[in-house]
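The structure appears below as structure tokens.
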Amino acid sequence: MNLAKLDRRWLYVVMAVVLVVPFMARIVFPIVPSDSARKIYDAIEALPDGSVILVSADYDPGSEAELYPMNLALFHQLGQKNVKMIITQLWPQAGPLVKDCLDKAYLPHGKKEGVDFVNLGYKPGGLILISKCNESILKAFPEDVNGTPVKDIPVLKGIESSNDIDFFMILSAGTPGIREWLEQCQSQIGKPMASGMTAVSAPDFFQYENSGQLIGLLGGLRGAADYEALVGKPGRGVLGMGPQSFGHLLIILFIVIGNIGYLISRQKARRAA
Amino acid sequence: MRLLSIITIGESYPVAKLVMLALMLIFFGLVLYFTYQAKKGREIYIRPIAGLSAMNEAVGRATEMGRPVLYVPGIADMDDIQTIASIVILSEVAKLAASYDTRIIVPTKTPIVFPVAEETVRNAHADAGRPDAFKKDDVRFLSDDQFAFTAGVTGIMLREKPATNIYMGAFWAESLILAETGFLAGAIQIAGTANVSQLPFFVAACDYTLIGEELYAASAYLSKQPQLLGSLKGSDAAKLLWGGIILLGVLFATWPDMEAKLESAFGFRFADLFIFN
Amino acid sequence: MRRTVPLVITFIAGVAMITSFFVYEDTLLGQAASRVKEWGIIIAAFAVVLGTGNIIRISLHKAKRREDRPYKIVLLVCLFLTMALGMFLGIDKGIRATMFNGGHFEGEYNPFYWIYFNVQLPLGATMFSLLVFYITSAAYRAFRMRSIEAGILLVTAVVVMLGQVPISSAIGADKVMTWIMIVPNVAAKRAIVMGAAMGIASMSLKIILGIERSYLGGDS
Amino acid sequence: MADLVWYQHVGLWVATLMTLAIFTFLYKDNPIYKMAEHVFVGVAAGYTVAYLFWSAFVPNLYRPLETLFTGGEIEQGEVFWTWMLLIPALLGALFFARFHPKYGWLSRWSIAFMVGAYAGLNLTGKFRLDLMLQPAATFVNLNPANGHWNQVLIYDLPILLGVLVCLTYFFFSKPHTGFIGVTARTGIFFLMAAFGASFGYTVMARISLFIGRLQFLFWEFANTYTQWFPPPT
């Protein structure tokens, strides 16, 4: 029974079923948040009233499934805190998604634009933009997303550059993203920084957690589920981890079966030769 | 307003920035020294790189089967160093393909890489003595969107059936679609990227994979250009230097009394030379 | 003019960025570098828009030559429709000042916004979600333990995948996964980024000094 | 969710049809997928121009020049620099010279600026992050005194060895034979373990993207018309 000749589309059907059935059955596993996620949560909880946090939304539709739930959980937490928030975007496609998160998770906590937070919107330039923000955020972002000049925005009083920011939370899906923020901002001004990123980039940033530059990092849907559990707002992350686990088990099964068949056939070939 | 003043009296300029400046100058010195040596024609040894020696075979295979070579220079723009290294390799592969009279299709994703790739392939055909064989339409700008571009490239794989797929440069999530579609289309695949998150798939699904820096070493190995050889040997020498720095750092971290002696003599600990905030 | 001016521009821009790292910001050089960054943001905006210019040129070219004509026409219609809606009605839900009434977009639901959420978001997100199927078939058919190295890769991958599953803590897979992530993964990735930084440092030096010119189209 | 306005209903149906159109590619490449792909490229390109217009061209270029020419009040000492904004405007516009058959080379001036600026920033940023701070994080204390041994043996020593051994793998001046060959091969083990880790995380990413689509199809689309799949509140 040589499964290799099997049409690949049957394999697609198997994966689709393995994901849809647990999804429909709404199987939910208890989420034990990772230490990394807990460190970020505690660091943000410990921010004194009136401190300033910069949230940079550098993601797009392609990474919406992992980073949108993270953004929601983060805004829920910040909505309950008395902390000034500045939002920037390094990806043009992040605009509407951040706006949606604000409407659903932040504004319901009674926050007012211009007083509690400001959305500075998108600017191109990546590395250049972040490096400019080290000197002057106001020169890089002369207006907020509504077109109001920054000098008329109360929440920005007393804030000139990245040095005046107490905490950076970077939601990053690739380039420009967390790597550029670490290179141009964190490594030079030394402010606390944490990041939520797609699961694809997470393994490449554990060394910056090891060196103390990142307080913690949230990786993909598991990171979103961890943070949702910590914030106490189970949503797409926690509910997603049910089918997610079955998907992992199926991939493991396929790798094992595929390689058992391969090793057996190689053994036969070696014995025949 | 001060003109230049890096060091001002009274204000303490971070020592680590001076150490960084010194290390940068040492590193540049190494690179320029080896570049000078290479220019003077001194024999520069580079260990063989498996992925590269297969490239001649792979282009040869495409020629025998009379099918084109597909070269994807990554999806990053010219500001990404991997793309620049990929363009250097592209010019060598295009020269090889032109000399074998084999078509080379180069899909690009970014506005600046498109003209650069077009001119590189045109010049490669001229250098190989076949300026007429250059087909302008084989260097194509598919789309500025990552996945529309990927769909375009897999379309080329299915329709024009290249016998050899070469992926050199910066790749992200689309690397798997390219590698698997190419694997199932039965093409020989050579990949090279410094984007570590994509290397697992290239390693698992391609015949040869250049890991991280080997991409830059490949551009030096293939082109034998003095500057590329110079920077490669410069980097090698720098790795010895940084290996020494790390061992020294471990020494000071493990023997606090040595650290104390250093501190009493110079006023800062060894690690302070590298961290300033 | 064709090559010397670009090399001078590259040198100035590169040196400006390097000095802005080493020099205090309130020095003359620091201020000049800071201005160059402001310019960089504007020029980067043109570079991003250039991509669209390219797509328009190629689609028009192809449509004229009857290649995939209906597809290219649909592409151009979508392009100019979205662009016009965004530019004339503002890019945000009822907030952004618009060319027409100079104030805010009165309507509750901005069509540009509608296109983003109902066309661009589903297309972009779904395009990515195809990958799970490619991984499934690749896991079964392409990922072979060809060598010891590929073997280690696949075994570690299996352990890490097991560790992500919440129920794995029962068999301790999550502890092994955490160790893999914060020891071998950190060590190897640290060496890789150190090597990459050296490569980029020497490449950047040669670009700024004009030794490396391939970005100018390789006619050095 | 029943109180949707007509265009929101249309929106839901369009979004669902777009999602299914892309999934048809799994069966085989077909005109529906190809049309969806072209719609995607067109919308994404149009979106970029509109978004850049309002978030970069207007605030950073048009508004300062507008206040300059209409005699609006400008910050003290900024008048000269506002005039100077014409330089990036010109350099940026030169990007489009590339579409002109004769003056294509002018676009090299703009490319040169971007490549130069990024080279300078990449050089200092990566040197600082990866060649100063990362080595500094490897200055580990190997002294296993007072119960420190498990931190050393399980965490610090393997990381130190791993970094040095992987650096040897990326050493190109000596062939991988003898002692260097052994260290390079050990380097390969660390590298492959790291790639395995990335592989595992990437599988997680891909699965969660599909689950994201299921969440849309059931919680937003199906639930609007059947109430069987309520989304989490």
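Note that the chains take the letters A, B, C and D in the order they are written out, and that residue 1 is the start of every chain.
The criterion applied here is as follows: contacts are C-beta pairs under 8 Å (C-beta built on N, C-alpha and C of every residue); 3 or more make two chains touch, one makes a residue touch a chain.
Note that the coordinates shown come from a computational prediction; the quantities given were computed from them, not determined experimentally.
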Touching both chain A and chain B (chains): C, D
Pair joined by more contacting C-beta pairs (C-D or B-D): C-D
Rounded Å distance between chain C and chain D, as computed from the means of their C-alpha atoms: 4
Centre-to-centre distance between chain D and chain B (centres being mean Cα positions), rounded to whole Å: 18
Chain B-chain C separation of Cα centroids, rounded to whole Å: 17
Between chain A and chain D, centroid-to-centroid distance (C-alpha), Å: 12
Overlap residues in chain C, where contacts from two or more other chains coincide: 17, 21-22, 37-38, 40-41, 44-45, 47-48, 50-53, 55, 91, 96, 116-117, 120-125, 127-135, 137, 139, 141, 143-144, 149-150, 153-154, 157-158, 161, 164, 181-182, 185-186, 189-190, 192-196, 198, 200-201, 203-205, 207, 215-217
Residues of chain D whose C-beta touches two or more other chains: 25-26, 40-41, 44-45, 47-48, 51-52, 55-56, 60, 95, 98, 111, 114-115, 117-119, 121-123, 126-129, 131-138, 159-160, 163-164, 167, 170, 191-192, 194-199, 201-207, 209-210, 212-213
Junction residues of chain B - those touching two or more other chains: 24, 78, 81, 111-112, 115, 143-145, 147-148, 151, 173, 176, 184, 196-197, 200-201, 203-204, 211-213, 239, 242
Touching residues on chain A, where the partner in the complex is chain B: 8, 62, 174-175, 188-190, 200-201, 203-204
Residues on chain A engaged by chain D in the complex (per definition of touch): 9, 12, 19-20, 23-24, 62, 64-66, 92-93, 95, 121-124, 127-128, 131, 141-143, 145, 147, 180, 182-184, 187-188, 198-200, 202-204, 207-208, 210-213, 219-222, 234-236, 238-240, 243-244, 247-248, 251
Chain A contact footprint on chain C (complex, rising order): 17, 20-21, 25, 34, 37-38, 40-41, 44-45, 47-48, 91-93, 95-97, 113, 116-117, 120-125, 127-129, 132-133, 135-137, 139-141, 143-145, 154, 157-158, 161-162, 164-167, 169, 174, 178, 181-182, 185-186, 189-190, 193
Residue ranges of chain B in contact with chain C within the complex: 1-6, 8, 11, 17, 21, 24, 27-28, 31, 35, 77-78, 81, 84-85, 87-88, 91, 110-112, 114-116, 119-120, 123, 140-141, 143-145, 147-148, 150-151, 173, 176-177, 179-181, 183-184, 194, 196, 200-201, 203-205, 211-213, 216, 227, 230-231, 234-235, 238-239, 242
Residues of chain D touching chain A in the complex: 26-27, 44, 47-48, 51-52, 55-56, 58-60, 63-64, 117-118, 121-122, 125-126, 128-129, 132-134, 136-137, 159, 194, 197-198, 201-205, 207-215, 218, 229, 232
